[in-house]
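Some structures to go through are shown next.
Next come two complexes, and both contain chain A; in the first it sits with chain B, in the second with chain C.
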Partner chain A sequence: MTSTNPQQPGIFAGLAAIARRDILLAWKRPGDVLNPLFFFAMVCTLFPLAVGPSAEQLIFSGPGVLWVAALLATLLSLNTLFMSDHEDGSLDQMLVSPQPLPVLALGKTLAHWLISGLPLVLISPLLALTYRMPGDVVGVLMLTLLLGTICLSLLGSIGAALTVGLHTGTALLSLLILPLAMPVLLLGANTVSLAAGNDIYATGIWALGAYAVAALSLAPYATAAALRISSE
Partner chain B sequence: MWKFFHHLTSPPHYYRVGATLIPWLAIPGLALIAYGTYAGLFLASEDYQQGDAFRIIYVHVPAAYLSMLAYAFMAFGGGIGLIWRMKLAHAVGAAAAPLGAAFTFLALVTGAIWGRPMWGTWWEWGDPRLTSELILLFLYFGYMALRSSIDDTAKADKASAVLALVGVVNVVIVHYSVEWWSSLHQGQTLFKKGGPGMDADMLYPLLAMIFGFTLLFGALLARRIRTEVLFRERRTRWVRELVLAPEGGK
Partner chain C sequence: MTAKLSASELTLIRGETCLFQDLGFALNPGELLLLEGQNGSGKTSLMRSIAGLLSLETGEIFWNDEPVSRQRQEFHGSLVWLAHRTGLKGDLTLVENLRFEGILRPQADVDQGAIFERLEISRLKSLPLRSLSAGQQRRVALARMLLADVPLWLMDEPFTNLDRDGRKLVVQLVEEHLEAGGMCVMAAHQDIDINATINRVAL
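Let's look at the complex of A and B:
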C-alpha cells in the first residue's frame, strides 16, 4: 500500500481538491447552478396559480409545496453529478487514485450540496414569505431544508453513480431516488407543518438530523461501490 | 454439506435440480391453496363486525407477506452475489423482483377492495401500511427499471444488487417515518391493538393460505430462476447440448 508513503497527501486533501475543483467548474458555468434554482422558484409560483391565491390555502400548503419543489430541483441537478467526469475520463482517474474512493465521492457530494443544496436553502425564505409563512416557521423551514438537502445530495449521489454512463436521462434517476427520498420529504414537510400549527416539531428535526448522519456515514460507500460497478 | 451447496449453485446443476424441485413445491402449495380457499370461503364463520368482507384476508395477508419475503430474496441474493460473486445468487434476485412486484400489487389491490366496505374509501393515506407498501412497489419498479436499462448482465446484476441493499435500509426508515407521519394525521388506529383473537376455523385456512402461497412462490421462483439461468448461459456448451438433445430441452 502507498498510504505509508510520507509524501502521500492525507485523505482530506483529496476530498478538498475534488470539492474545490467542482465548485470552480460551477463558478465558470453559473447556468448549471442557477437553472435548478429558477426551477425551484418556478414550481413554487405555479402552485398558487393552479389552486388559487387565497391566504389560508397558501399557509396550509406552503410547507409541502416548498419541500416538493426543493426535492424536484435537487433531483434535476443530480443527473449531471458524475456525467462530465465520466465523459472526460476524470472518473477513471479517481478510480485508480490511491485516495479512498468513498472519500472522493464524498468530496463530489459535498460540492454538489454547496452548489445546489445550500443556494436552495438560502432562497427558500423569499418564497416562503410569498406563502405568508411567519418568521419563526421560516427558520424551521430553513433548518429542515438544510438537513434535508444534505440527505438528498447523499442519496442522490448513489443514484447518480448507479446510472452514470447510461443514456436514460432523468426519468430513471427519479425512479431510483424518489422512493428513497420519500422519508426525507415526509419528515421535512411535516415538521414545517407542525411548526406552522404551533405544535411540537423537535421530533422531526432530530429524525432528519439522524437521517443526515446515517446517510453521511453510509452513502459514500454505496456511491463508491456503484461508481466501480458503473465504470467496469 | 458445503460441497453439496457449491454443487447446487453451478448453473447446469441447478437447472436439473430445479426441474425436480418445482413439482414438490407446486403440488403441496396448490393443494394448500385449494383447501384454504374452500375453508376460507365456506367453513370459516362470519366475522361479527366485518361480515363476509373479512374473507379477503385469505389473499391479502399472504400477498402482503410475500411482497416482503420476495424483497428479502432480492436483497439477500444481491448481497451474496456481490460478496461471493455467485452467479446464481444474482439470478435469484433478478427472478424474485417481478414476483415481488406482482405480490405487492396484489396486496395493494386486495387492500383497496377490503378498504372500500370497511373504511368507506378505496385508499387511505392515513394508514401507514398502505403507504409503505406503495413505496415498496416503487422500489421494485426502480430495481427492474435499472436492471433493464443496463445491457451488460454482469453489470446490471451488481448495480441492481447495490440498489436492493440500499433499499433494505430504506424500507426500515420508510416504515418508521410513515408511522410517525400517520400518527400525526389520525386519531385512532384502524385496527385495535390486541384486538379480538381469531377463531380456529378462521385461523387454519389463513395458515394454509400463507403456507400455500409461500410454496407457490417458491415454485414460481424456482421456475423463473431456471429460465433466467438458461438465458444467461445461452452461449455455453451445456445449453447448446441441452437444446440440441433429442428430447428437445426437457
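Let's look at the complex of A and C:
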C-alpha cells in the first residue's frame, strides 16, 4: 500500500485492454475465429450449386442468402463470447474490477466484431460475385453488412451474457436473439434487393445506422446487467 | 461503526438452504478476518457477497461507513480477489496476463522483477500459463495480488495447490501486507499460523 487514493486507470484504457486481450487470444487460437467465416463462405457458395446457375434466380436470391448466412454465422460465433471467461474465473475478476462493467462488455463486443463481424464484411464481395451482383450493389451489400454485423454483435452480447452459465449451447441464445435480430435481417436483405432493382435504398441504410447507434448505446448496459445476474 | 470494512445482519439463502444468518464482522487496517468452516459451509459464498457478486437476503456491507452497493466502483478499486479459479488466461503468458490486469486496477509502484523472483516464477515468464503446474499458476495469481495497489485482499483458500515453501510464503506476504496497514479476508478450512490480529467468523 503506497498511497491512500491511487490513480485509477481510465475507462478507455480498460476498453482497449480487454479488446486487445481478446484479439490476442483469438490470434493464438485461429480455429475458433475461422469456423464462422468458413460457415458463411460455404453456405454462400453451396447455395448456387443447389438451385442451379440461372442468372435471374441468382440475382434474385443473392441478397437474402448472403444476409441469412451472415446472421447465422454471427449467431454461431456468439456462443463462446463469455464462455471461456466464465470457466477460468476471469469473468468474476472483471465483475470485481473498478472499471465500469458496461465498458468492459463493450470492449469484449468490439473484439468479437473485429474478429468475426468484420471478416464477414470483407469477404462478402467475393461471395457476391457468385450471385452476379453488380459492383455498385456490392458496395451497398458491404455497407449494410458492416452496420448489420455491428448490430448483431451488440444484440448477441446480451444473449451471450444471459446464457453464460447455462451450457445450453446455441439454441437458447438464438431463440433469445432472433426477435431482436429480425429487423436487422429484413432491413439488410431488402436494402440490397432494392439497390439491385435500381430502387431508392438510402432509407434502409439510415434505418440500419439508427439501429446500430441505438444498440451501441443500450446493449452494453443490458449486457452488464445480464452478466451480473448470470454470475450470482 | 468506525471499522474500515464492516457488515451486519448478513443473511444469504441459496436455493432452499440458508447459508448464514444475522452474520456480522468488523475489520480494521492491520487485521485479518478469517472465515472458518467445513466444505460447503458458505465461505466462498460469503466471500462472493463481500466482493459484491452475490446479492444478500438481508444486511449490508460497509466500506468506510458507506454501503458498498452505493460505491461499487470505489470499493472494487480498493480490493483484489484471489479466487478459487485464478481468472488468468491459459493461452497467454504470465507477462501478457499481468499486463492486462495492470490496466484494470491501480498498480503499486514496485519492482516487478523482484516480485517474480520472490514467487520463483521469473523463469516462467514467456511460457503460456496452461503449461504451468497448478501451484505455479497459483503463484502467478499471487503476483497479480502483489502488483495491485489496494488495501483489501480477499483470499479464498490461498494455500490450495501450494507446496510447503509456497504456503510459508503466503503467510509471510499476508503478515507484511497487514503490517503495512492493509487488510485481509481469508477463507480457510485448515489451521493457519499468522502473526496478526485475527477476527474470526465461524460458518
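Here, the second predicted complex is superposed on the first by the 226 of 232 C-alpha atoms of A that agree within 3 Å, B and C clash if a C-alpha of one lies under 4 Å from a C-alpha of the other, contacts with A are read in each partner's own complex, and residues count from 1 in each chain.
Everything below uses one rule, namely that contacts are C-beta pairs under 8 Å (C-beta built on N, C-alpha and C of every residue); 3 or more make two chains touch, one makes a residue touch a chain.
All of these numbers come straight from a predicted model, not from anything done at the bench.
Undergrad: Should the pairing of chain B and chain C on chain A count as a clash or a fit in the superposition?
TA: fit
Undergrad: Would you please give the vertex angle at the Cα centre of chain A, with arms pointing to the Cα centres of chain B and chain C, as a multiple of 10°?
TA: After fitting both complexes on chain A, the angle is 90 degrees.
Undergrad: Looking at the overlay, does A:203 come into contact with chain B only (first), chain C only (second), both, or neither?
TA: first
Undergrad: With both complexes superposed on chain A, which partner does A:88 reach: first (chain B), second (chain C), both or neither?
TA: In the superposition, A:88 contacts chain C only.
Undergrad: Going by the touch definition up top, name the partner, chain B or chain C, that contacts more of chain A.
TA: After superposition, C is the partner touching more of chain A.
Undergrad: Name the contact category of A:232: first (chain B only), second (chain C only), both, or neither.
TA: both
Undergrad: Looking at the superposed set of three chains, what is the minimum CA distance between chain B and chain C in Å?
TA: Least C-alpha distance: 7 Å.
Undergrad: Could you list which residues of chain A make contact with chain B in one structure and with chain C in the other?
TA: 232
Undergrad: For a test of understanding, state which residues of chain A touch chain C in their complex under the given definition.
TA: Listed in rising order, the residues of chain A that touch chain C are 1-3, 6-9, 13-14, 16-18, 20-21, 24-25, 28-29, 84, 87-100, 228, 231-232.
Undergrad: Hey, which residues of chain B end up touching chain A in the complex?
TA: Listed in rising order, the residues of chain B that touch chain A are 82, 135, 138-139, 141-142, 145-146, 149-150, 154-155, 158-159, 162-163, 165-167, 169-170, 173-174, 177-178, 180-181, 184.
Undergrad: Any idea which chain C residues touch chain A in the complex?
TA: Against chain A, chain C makes touches at 51-55, 73-74, 76-77, 79, 81, 83-92, 96, 100-101, 103-106, 108-109, 128, 149-151, 177, 180-182.
Undergrad: Show which residues of chain A lie in contact with chain B when the two form their complex.
TA: The touching residues are 158, 162-163, 166, 168, 172, 175-176, 178-180, 182-183, 186-187, 190, 194, 203, 207, 211, 218, 222, 225-226, 229-230, 232.
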